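Below, chain A partners chain B and then partners chain C, in two separate complexes.
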Partner chain A sequence: MNFIEAENLKFSYDGTNNVVDIPKLFIEKGKHTAILGHNGSGKSTLAKLLSGILLPTSGKVVVNSYDTTDESKFYDIRKSCGMVFQNPDNQIVASVVEEDVAFAPENLGIIPVRIREIVEECLFAVNMTEYSRHSTYKLSGGQKQRVAIAGILAMQPECVFFDEATAMLDPIGRKEIMSAVDRLNKELGITVVSITHYMNEAVEADRVIVMNKGEIVMDGDPVSVFSMPEELQGYGLALPQVTELFYHLEKDGYKLPRGVLHTMQAADAIENYVKGKNDARS
Partner chain B sequence: MMHAVELQNVTVVYGSGTPLEKTALKDISLKIEEGSVVGLIGHTGSGKSTLVKLLNGLQKPFSGKVSILSEDVWKDPKRMRWVRGKVGLVFQYPEYQLFEETVYADIAFGPKNMGFTGEELDKTVRSAAKFCGLDDSVLLRSPFEISGGQKRRAAIAGVIAMNPKVLVLDEPAAGLDPRGRTNILDGLMEYKKQTGSTMIIVSHSMEDIAKYCDYIYVLKDGSLMMEGSAATIFSNAEGLFEAGLDVPQITKLFIELKKRGLVERTDIYTINKARQLMNSLLGGESDAK
Partner chain C sequence: MLSEITLGQYFPGNSVIHRTDPRFKFVLTIFYLVLIFMAKSDVAFLFVLLFTASIILLSRISLKLILKGLKPLVFIIIFTAVINIFWISGETLLVDFWIIKIYAEGIASAVFLVLRLICLITGTSILISYTTSPVELTDAMERLFSPLKKLKVPVHDFSMMMTIALRFIPTLIEETDKIMSAQKARGADFESGSIIRRVKAMIPILIPLFVSAFRRADDLAQAMECRCYMGGEGRTRMKEMKANPLDFIVTAVMVVAFAVVLLLNQLTIAFSI
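Right, the complex of A and B next:
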């Protein structure tokens, strides 16, 4: 089932140049989709279109069966899709952590007892429980981002967009967010669309979409997309380091599997190659 | 040799005497050689940003001494202006600090206030823009109408235009795509090469740190936990994990291969080195071990 459907989707900021031009795109419910592309490729604009923050110049976007241009469904669309942006400073509204997370449920008219539960759950999900009484402006960038994510989770949306939400985090923080994202996706069945420059994050998705000049140029599971290194580099993207190493080794004349994304896969492939070589000798 | 930066037993405490008192840096001593590229890494909240703020006098140490180019930063308050001119600080997301009507005017703001005028000013602005990969065509546009990557470049150019002897960059490439990262960092290296200035880079990207830095400091909970060359630091993967950090993916691969008895070395952090070693491992010569 599709959670988001877009058809003949065009968007232009200035009325002449289309920043996004996509004939057809479906985002499946419950799946984790990653959108890759260099700066200016139109991926953030696409995310804003798919979540109803921007309205198409022409064409149509249907979110959770609501047309995003239908003003009477404005709140339903907002409730179904949350978005976590790159810079949490743009997203944090309150001066105390727990008040910030409570902002959305308060506005949704949820009873106070339940709000407290939600706030606790959400802060726990991003590992910020001990900071619940701290002031938001004194937090580090990574901590702020975790609060912003908790604030979105507190709306209990069906779909969450992450627009480079891990860009400011340290590796551990990034891992925590990634596992939180994974939990949302796998355990709560929340549809996840993540926009990222980190290839290591994209490889964890069910599906990878690559954008260039407002168009979708690659679309498939991570293995198939990352098996085309030249194409990806042509679109200004880098490969995960092991994938790049394997690509060079292939050029050096070694027959190794393609589309290797993870450290363990790479180690297995190298071990097998060495074993094969030794067997052939003996 | 003169040291670009020297910290002697520096401690920083926030909210001293209040219930929220927090020691951000504990007894840090370090010396950064002139002309080197130094990486500063640490988990979120490890004190990196506090350390960076010490370097141009935005943060006063609770105890200890901060020296820039052999001069005590806090000795004479009137010299602070001199310190700020010598140490260029590029904050995280510097593009939020753009404010002028044109990119040119924004880059010119710093040098103008330092007394540059006429041709000298023009030359400074254009050369700073060039180091940051900004075309002349961008200079007359509004900094609010250009792309995110260009904004970042414009903001960094504004700091470079003051010709700092020590350039401190807090996550200069965060949020940029791989091509943008390489372009900005390569441009900064070019600036360093041509001017002989010292660079201090704060980053969460272990790959970038491994690629560009001569020397690396690792902070953990406000203390200096490790220091050394990239090879030394990344061969101590366990220490880094303990500090809440990571090693480049390629290093992880070698750690795993060592576990399986296929290689001996784990101090590998660039693709080229890995490729060389893999060639000797896979190609029949067993001296990869």
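Right, the complex of A and C next:
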């Protein structure tokens, strides 16, 4: 089932140059989709179009069966499709963690007792329960971003967009966010769309979309996308470390499988390769 | 330097004062201010000091933080004390040297004033900012002023603005610090030169600060919209404000304190104003 459907989607900021130009795009429900692209490839704009923050210049975006141009459904779309932004400092409204998480349900007019429950559930989901009464500004970047995620989860959305949500974080913070994202997707069954330029994050997705100059140039599961290193590099993207290593080894004449994405997989592949060679020799 | 400002900060906790209804706290703070200025005799004043000390103890806020909060006001405190010592004349002359005449009354009123200022600052910051989260505080104000809504005063909008302003104070302080360091690294000099030069040296700090504040505002507005913010209409609150017995006990304590001060004003050991 498709959660978001876009058709003949075109968008331009100035009226002449199309920043996004996509004939057809579906985002499947319950899946984790990663959108990759170098700076200025239109990936953030696409995310804003798909979540209804921006309205298309022409064409149509349907989110959860609501057309994004339908003003009467504005808050229904917001509610079903949350977005976590890049800078955690700029999306936290309140000074105390639990009050910030409560912001969205308060806006939606939910009764106080239920808000309290929602806040506790959401803080638990991002593993921030013990910080519920802390000041937001004293938290680390990763913790702030997890509060921001909890704030979005509190709307009980069916889909969450991550617009380079890890770009401003240190490696530890990035790991925290990635595990939180994984949890949302796998345990809570929330559709996740993450916009990123960290390849290691895209590797974890079910589907990878690569954008270049506003168009979708590659679309498939991570294994098939990362099996085409030359093409990816042509779009200004780096490869995941392991894939890059294998790519160079292959160039040097080693016959290793393509589309290896994880360190452990790579270790196994190399082990098999070495074993195979030894067997052939003996 | 800037990170030392504790003004307007909130220190989470679970003390009696933290748990008191913010609306009560707001009104009681006004009472407390009146109380400080009502104490006229030294005995009554001693009571006010004890009262303030017990507030500090009850709030469980460390003395270090409170002293830190007083630090930016040291100059004003000393200044007013000095003016009082030299300007106020009375009957008992203590020092008479050239044109300097210091009277016992002057010293007494200086001591009173200094203590009053300290009580004023610590008392209000404990009762309001240190123990009340900004959201609670602005919520309480919104509710206290809600009758004004009938007069088309945008009470909710003001309280939302306050919430966000308070939330961004530490963020912007941090940012100012960063910009200052960056400008210093480029050779900017903020410490020497005439006042005009120093004010001019602030321009390269203020411009980036404003630009980034506008960018933040833009981002925040989008994030708030994404979280379904639609203004005050139909909004609910996680923390319901219901007066509970504790609030009435606290109020009773304040009323008793009032009576005690009025009574002790009749008693004087050495001085009264």
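Odds and ends about this structure:
Here, the second predicted complex is superposed on the first by the 278 of 282 C-alpha atoms of A that agree within 3 Å, B and C clash if a C-alpha of one lies under 4 Å from a C-alpha of the other, contacts with A are read in each partner's own complex, and residues count from 1 in each chain.
Everything below uses one rule, namely that contacts are C-beta pairs under 8 Å (C-beta built on N, C-alpha and C of every residue); 3 or more make two chains touch, one makes a residue touch a chain.
Keep in mind that this is a model prediction, so the values were computed, not measured.
In the superposition on chain A, A:T69 makes contact with neither chain B nor chain C.
Looking at the shared chain after the overlay, A:N87 reaches both chain B and chain C.
In the superposed model, A:S58 makes contact with neither chain B nor chain C. In the superposed model, A:S95 lies in contact with chain C only, and not with chain B.
In the superposition on chain A, A:L245 makes contact with chain B only, not with chain C. Using the contact criterion defined above for the overlaid structures, shared-chain residue A:P112 touches chain C, although it does not reach chain B. In the superposed model, A:R78 lies in contact with chain C only, and not with chain B. Residue contacts after overlaying the shared chain place A:N17 against neither chain B nor chain C.
Judged by the document's definition of touching, chain A residues 87 lie at the interface with chain B and also at the interface with chain C. Every residue of chain B that touches chain A in the complex is listed here, in rising order: 42-45, 49, 92-93, 96, 147-149, 171, 174-180, 204, 206-207, 244-246, 248-250, 252-253, 256-257, 260, 262, 271, 274-275, 278-279, 281-284. Chain C meets chain A in the complex at residues 9-10, 12, 133-135, 163-164, 166-167, 170-171, 174, 215-216, 219-220, 222-230, 234-240.
Here chain A touches chain C in the complex through residues 51, 53, 75, 78-79, 82-83, 85, 87, 89-96, 98-99, 102-112, 115-116, 119, 133-137, 148, 151-152, 155, going by the rule given at the top. The touching residues of chain A, when paired with chain B in their complex, are 37-40, 86-87, 140-143, 164, 167-174, 197, 200, 236-238, 240-242, 244-245, 248-249, 252, 254, 263-264, 266-267, 270-271, 273-274, 277.
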